[in-house]
């Protein structure tokens, strides 16, 4: 199983933190490996305590279904096909901020960010994911 | 990290209970510290048993995200940005009754109230929070 | 169902806290009612965070079986009749610090204390229980 | 309540990882803040997956009771005063590898390490804790 490494995960945290600092926001950042198991986590000083679990769960959710968490959320609204999927797996997060990490066509892990608006969270997660290919 | 003290928490419980008595309602009242850990709790005679967990979770939710629980609830409705956030952190409460406790610009804890209508709960929680600054 | 009242629970917390202060220790103190549901809780400044759950669980355990928690613990040691009972009820505490509250021959609740040695915890819980009859 | 910072937590992870590399072992390393909430985590490539939870729980346990986890374990053996305390707080870890982080006399967080023998885990956690004062 190809998976994101510890060194890559640390680089992802660093890149995401730098992006958050540039944006003037405080974030929780999590990286899971190809097995959806926690690999690295960092909470910036003063970031929301409730976002510890959300950042980790966003990363897990993104790897569970190999798609950005916001994409899943569009399918889990009332009346949609995956309504209430958040009840599974001990609780999922289905709003933006979780992004799969890819090596070519292979998903090798995921990054999850929480602590600001969902647009901010997604942007910071993307900055983290971009560090993988740089 | 500045945190609410035991003496302050007891004063908050007393003020909230007095407000509830004035309103003729029976409440569960909880205070958590800056680390979102339970600091003080009181259930008034005859108050709902199901509100023990809700009052404590409201207080935790308010500290987890440093905002009144009702504000979070507006963002967690179907179609809104934080839809289904209640599945995180082992269960959140996103209707009114939880209020952060502040020392200037610093959140030092939170109070949560449950046992009546959400408007009543919020009013009682506010009376508790006001005791901090008096 | 006769049960300890909110006013009595607050008096129990006050008496237990005073005893702890006299002993120079920091305690978590919990009172449950006749239904084993949380009625009142107080954590003294600087008391162990891990004792929040233990104090509450000691109080519940004492009411679940209508005996001091230390008595239960003697029966739950390896080779004894109630070995591993701590796995039940979502987790019990079977060392001293939980004491039933009695009105004559009727158990009307329980008090649980955690934060120091088990002998200290028991002494503080007893001081709380004594406040009921004074 | 003074708490360990994000920058300090990252330095602790770096120091612990270097120690583990010097010892030729693979570790999971976690840091919690003064409120016992997760602040930073790192799993070294190939480290045990089952140690993710153990490292985090060791750090929480060390902060919950402001002592090394191995000290707690000596008191939780059959026949000892805290027998079965592991059932509290949703599960504790009471063998070595968790160490409180101190600023003078104040506990400001804790570090937890899991992935090798308990002696190795403790040594790596100590190397992490030592980074705080260097």
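In this document, chain identifiers A, B, C and D correspond to the written order of the chains, with residue numbering beginning at 1 in each.
Just so it is clear, a contact is a pair of C-beta atoms (placed from the backbone, for glycine too) under 8 Å apart; a residue touches a chain by one contact, two chains touch by 3 or more.
Only a predicted model underlies this, so the values are computations on that prediction, with no experimental measurement involved.
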Same or different contact residues where chain D meets its copy chain C, judged by the half mark: different
Centre-of-Cα separation between chain D and chain B, whole angstrom: 31
Averaged-CA centre spacing for the pair chain D and chain C, given as whole angstrom: 29
Centre distance in Å when chain B and chain C are each reduced to the mean of their C-alpha atoms: 25
Touching two or more other chains - residue numbers and ranges from chain A: 49
Contact graph of the chains (line, ring, star, complete, other): other
Set of all touching chain pairs, with the criterion as stated earlier: A-B, A-D, B-C, B-D, C-D
Of chain B, residues touching chain C in the complex: 5-6, 9-10, 33, 35, 37-45, 49, 52
Residue ranges of chain A touching chain B (in the complex, touch as defined): 48-51, 53-54, 57, 73, 76-78, 86-87, 91-96, 117-118
Contacting residues of chain B [partner chain A, same complex]: 35-36, 61, 63-66, 78-79, 81-85, 87-90, 92
Residues of chain D touching chain B in the complex: 1-3, 33-37
